[in-house]
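Order of writing sets the chain letters: A, B, C and D. Residues in each chain are counted from 1.
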Amino acid sequence: MPSETYLQIGETLKWLLTIAWLLPLGGFLIEVFGAKWSGRKSRAAAYLAVLCIATGFVCSFIALCTWIDAEDLTFSDVWQNPLAIAAEHDDHAAGEHVTAGHGEHAHGDAAHADHGHGDAVHGEVAHAEHGAADHGHGNQPLSHTFTGTFYTLAKFGNIKVSLDYYIDGLTVLMFTMVTFIATCIHIFAIGYMSDELTEDYEDHFVHLPGGKHFHRPGRFYRFFSFLSLFCFAMLGLVLAGNIFQVFIFWELVGVCSYLLIGFYVERKSASSAANKAFIMNRVGDFGFLIGLMILWTWFGTFSFANTNPDQFGEVGLFQMVRTDDGQLDTEGAGMNRVAYMQSLHGERLEGTDGAPRAIPYWLLIVAGLGIFGGCIGKSAQFPLQTWLPDAMEGPTPVSALVHSATMVAAGVYLTGRFYPMFTPEVLLVIAYIGCITAFIGATIALVVTDIKKVLAYSTISQLGYMMLALGVGGWLAGLFHLVTHAFFKSLMFLCSGSVIHGCHHEQDMQKMGGLAPKMPITCWTMWIGVVAISGLAIPGLMLPYIGAVAFSGYHSKDAIVATALTFASKNPTHSLLFFIPLVTAGITAFYMHRMWFMTFFGKPRDQHVHDHAHESPWVMTGPLVALSIFAAICAWGGEHGPLAQLMLTSEPTHVAGGIAPSGEIGLALPSHHEIHGNHSKAGVMALLAAFIGTIVAYVFYCRQTVDPALVKDRFLSIHRFLVDKWQFDEVYDVMFVRPVHVIGKWCVGLDKFGLDAILHGLARLAIGVATWDRKFDEAVVDRVVNVFGEVTYSTGRSLTAIQTGRLRQYVMFIAAGVVCLFVVLFIFLPR
Amino acid sequence: MDPVGLSGYLTVGAVLFVCGVICMATKRNAVGVLMGVELVLNGANINFVAFSRHTALGLDGQIASLFVIVLAAAEAAVALAIVLNFYNNHLTIDVDRAVELKG
Amino acid sequence: MENLLFLIYAIAACGGAVGVALSQNVVRMAFWLVISLASVSGLFFMLGADFVGATQLLIYVGGTVVLLIFGVMLTTTGPYLAIKTNPAEMIQASVVGVAFLGVVLSTVTAVDWSGNRATLEHAGLVSRPGSYYQQGEGNTSRQIGTALLGVRFDQMEQGAAASDEAAHGHHHDGHTHADHAHGNHAHGAADHHHETISASPRVGSGYLLPFEIVSVHLLVVLIGASYLARAKRRVEQAA
Amino acid sequence: MLLAASSIADMLSTQTTSGWLPVFVAAVVHVALVGAFFGLPAGIFIWAERKISGRIQDRLGPTRVGGRFGWLQSLADGVKLLQKEDLIPAQADAFLFRVSPYIVVVAAFMAFMFLPFSSGLVAVAMDIGLFVALAVLSLEVLGVVLAGYSSGSKWSLFGGMREAAQMVSYEVPLGLTAVIPVVLAGSMNLTDIGNMQAGWASNWFIFHDPFSFLAFFVFFTATLASNKRAPFDLAEAESELVAGFLTEYSGFRWSLFFLAEYAAMFFVSGLATILFLGGWWTGFAPLDNWLASLASSCWQGDYIVRVIGMKVFLTKSAILVCVQIWIRWTLPRLRIDQVMTTCLKYLVPIACFLFIGVVVYPLVLLTVLGRTTLLPGTGPFAEPIGERVPVPVVRQPIETASAVVDGPAAVTTEEH
């Protein structure tokens, strides 16, 4: 890619994505300030919001096409027989799909040669622009990235706060995904929120004294303005080119989720859920801030990278911390271990004193953990996962948006985006946290009966999967699952929303059942989602051009399990990181099918609900169908499909080749090649687990051969433990809330008897002093001032006699004055 | 006989000036005061023109006196309008009656 | 002859001024004022400032004084109204005035103007007015016109003219005198012209801006005066 | 300098070596001339007025005194007036009452000092002659106003007030239209202005362009008003104010006012002649050229030519005076408000318009036709006038004369 082409494409992408980013903001502003004129019964706000986000989607899609074109992704290998591809990939390192190592490899087929050639040229260009001497190396970690600055907000000494952009394949893909899902959710919400189109909305969940319900004006436009702002914040986060900007939008996302979760603010549960979500996030953000401060203190910049060949500006974080071949440049051991920073020329960066700049390795770990702490909060990882189920208090479209495309995705996205900054130690922590989260979420989901909460815990579990994948070196697997999960989870949420809407805001699955004939579209679109998340596939069937016949979830989960298996095999001490996800996969299939069967099949448990149930209008089912199509096919081709290939273009350099055992903990990360070797093995195991879970659910809840109640009684204590959500809330209560209360009481006591006493004493002293001061003031100061005033006044008074108001007298005075002046001059200045 | 030099003209100017000042100081008639002002201005004008002739001032003096004449005419017009107003208010043009500003 | 004329004009001007100061009748004052101002214009003519003198006549005597008399006639309540001045005041004013005059005259006499003139002659600045002769010494209207535009024919650029004057000052004086003796002033004028033609008139910013400001000022005064004179009458009518 | 010389002094100075003699002779001659022209018109024009008014009213007018046409009637009237008692009313302010006729006369007389009767035949040849003349003439109003005030009579006061208002107002269009020939000639010197109109009558400034043509009539109207001539004779207005400011006057003082009035009539007519009607030139180019060549041949010829020019000038002025008389007996008197309206609402704007027109006219011609005159070519009707380039043939003797004007005065100044 020549430099001009590079800049041209970068400019095109920048403006397309900027439009897509800013449109929701414009929509938000118009909706907020224009609501006064549109009225509460108007759908104008919704149409505007849909228009904005849909236009954003169009722009993003164009950007995606531009990207595919620019990257020269032909997908030609997908069209061949997948078995042949598998064979071929045995020969080549999977890393050929990314930028690494092209110069050293010979290529068998034409497509690969083209691909390699394009990359080589690009690498040369980038190299030449950066002024490096060695052309043969031809390796630029960030050569497929466009960065730049929109606007510099402020500069305080060394700290530069600016609005940057960082565009690579992941950014473009996330934009397309987010805008598409958001569009669907917006459209869905037009139908779902139509209750609010009134001047007098009766909230049945708010009970006033006297058995009445709370009445308030509808908040249709407010809902949509919040949605628009939410989309704006999320897109800004994705587009952000520096970590500080990410933090800004990170917080904005938090605020929006707060506003939307607490949309029914009069409901106690909703407002406390909003508070909980917000505060939990603050805990994580504390870590984020610590990481931020460490990074800025040691690196002196926030920006991710600077790849613009026209600018020889500052070096970005990613470029500093990784060498050209993507490795950390460390030295020393223990606490003395340092990581050297790299310049753009593949050399060590020199500080002002000439010595190479370096950051202590442990601080790099702390910074990574801090940033990941933010991700824990945002993505509801253990131990901060408890806010997410409570967040179901918001309207269902909000749940769909929060749990699929935006809020929780932000954490995973940031982990993926910040991947170059994470050391193996951090990755291990990430993996374990993800693993625990996945297991906890899945087990709780087994026993929950609220349809939305099932999905919520499922989300926690799946997020844990993603984190696990990222932690064990499966960068692609984790983000792949993020995208596929976004589709099917939003689909399922919208389906549940449709069910809830059809059942008149009944969310308890124990009152549903047999709804399939009543709402067929919802039922079967949800089935697609359930199958997708369960990771089911038709065993053994590998079609040409398509690969395994399965919905999107199969491919992504397959990738995760394969990565985990490889990781476990390379690091036997951490083999738990493979078995727990495997078990969890089975559990996932079980509880998702449980939910589906309980809702749509069997006998109606509550005749009243069943009688009034109805299919939702097209405005709600339309998005379901659209999303279900994507949930089904978006990952076709698996790891060789277009989606994965697209993501591979922006994979960090060091991931593909894996990492040899290193560091204190001796962690080894798998390479693509090794993962590929374990693919089929892991796929079989995962599929097996999923089938087991599905069959058990079928037996329990559809055929009802075994009564679930019996099982519940048998394992009553476990069930109770699970129903109590592993008693996290109680533990937190004991660990944090009660101590805080006790400390608070101590503080009150100290305040009352210690500080207040001192303050009162001081106050009395001040009063005493002031009394004396007043006397002094009155006796001396005032008197002096009065004397001056009186003298002035009496002087002026006596001088009024001269001011006669007579014109002629004044003239006389002037003349006499001049004469006197001259006389005086003559006397005192004789010549 | 020596030609009249600068001092002769300056003397005439001084006399006119002083007479104008006396006029201003003694006339109770507002128009009389105005005439005094005109005299003062003329005294100054004589000086201007005399200096213009007898020093390096050149035409600057003449031009200055022209401006003085023109502005004096303007001043007279405005002053007369004020006198008329004064007359409308007090039914006299005795400036001694205008003592509203007495301290 | 010139001294005689000066005496006549000076006495008329001073006498008119004293008359103004001493008269009690305002119309008599106006008469004396006319005498004084007309004599002043005569002095202007003598000082070689024809244009200023004519302007003085036209504007002061013909315009301003008529205006004053007009004002008197509009505001008098009875025939021959005389607002008498207190004799004590008169004496007081006279004392101050005489003192003032003494001060000013002492200043005038204290300065040696002849020395000043000699200095100027030495610098070659006195005989300058001949540089742009139309017909006579007092015909300064063209010069004033060009001076308003910033071209000063009365102030030639120092360079050539000054050195010329300094070098041949003495000779030049004699030459001029001889010319006058022959009564052929035309030659003298041409001589002047010839000598100064090497120098160029000083070009400066001129008086154009003040001129424009004064003209706008006059317009403002015109409108303002008519407004001031009218407004009160309307109020009276309303009352 | 005030009593500067003219061509006579120039002529004599070439003959003698004495410094004072030419000045003295010239002064005597000019005093005689100005005195004659100041005094005579009163007698002649009063008689003419009586005869013309008589003819207009279909009667004979004076017929007996001095022969057939009664041409000594004015003299007889003058003698009669001199014999009358000099009355001063008890109510009058005697001092001002006595002085005011002299002011009027002095103003009118002084104006004649600046009026050239022929080329160079002028008492004071000032570069700003027109300006000074107008300034001096404007002093006349003071006398009238003082006369009206000092008479101690309501009629007189009203007359004086009217005169003051009228004069002050009409000076504006008068000045504006008088400036138009100045613009055309590029000089305020009346001699220069007159000499520029030599040649064919098309060179006269009245025919220079449409604006100057109209300007002449505005100027003439304004002069009527400033002379208190009918239809603007509000100051004396016999039918309303008895005789206006003249009411209390009698005898010699009364005759002085009349003397001044008729002298001023002649003066403004002469001014109009010089400014617009070619002055002392005949308006016939061959004749003018012959006169000019005669003047440059010898000093006697110069003198003769000047005398001829004076005759031409007097004739033209006399015709204008007759027109004034004619108008007086033809048009009825206006009311005072009509007088002021005519001036302020019509004449002033028209004069402003004409002034702008005259200034813009050559520029427009230059833009449209490429030259500053309407008629093309160099024929007899296209003398280069109005472009600040006087006719060379005519100019020659004048330059000599004017250059010498200051000679004696300068000598006086420089005499040590």
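Criterion: contacts are C-beta pairs under 8 Å (C-beta built on N, C-alpha and C of every residue); 3 or more make two chains touch, one makes a residue touch a chain.
Quick caveat: nothing in here was measured; it's all calculated off a predicted structure.
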A-B or A-C - the one linked by more C-beta pairs in contact: A-B
Distance between chain centroids, defined by C-alpha means - chain A, chain B (Å): 87
Gap in Å, rounded to a whole number, between the CA centres of chain D and chain B: 33
Chain A-chain D separation of Cα centroids, rounded to whole Å: 103
For chain C, residues that touch 2 or more chains besides their own: 2, 30, 51, 55, 63, 67, 70, 89, 93, 96-97, 100
Where chain D touches two or more other chains at once, by residue number: 413
Junction residues of chain A, two or more chains touched: 808, 812, 815
All pairs of touching chains, each written as two labels joined by a dash: A-B, A-C, B-C, C-D
Residues of chain B touching chain C in the complex: 1, 3-12, 14-23, 25-29, 31-32, 34-36, 38-39, 42, 45-46, 49-50, 52-56, 58-60, 62-63, 65-67, 69-74, 76-78, 80-85, 87-89, 91-94
Residue ranges of chain C in contact with chain D within the complex: 1-2, 5, 25, 27-28, 30-31, 34, 38, 42, 45-46, 50-51, 53-55, 57-58, 61-63, 65-67, 69-70, 73, 79-80, 134-139, 141-142, 177, 180, 183-186, 189
Chain B - residues contacting chain A, complex: 21, 24-28, 33, 95-96, 98-103
Contact set on chain C toward chain A in their complex: 89, 92-93, 96-97, 99-100, 103, 106-107, 110
Chain B partner contacts - residues on chain A that touch it in the complex: 799-808, 811-812, 815
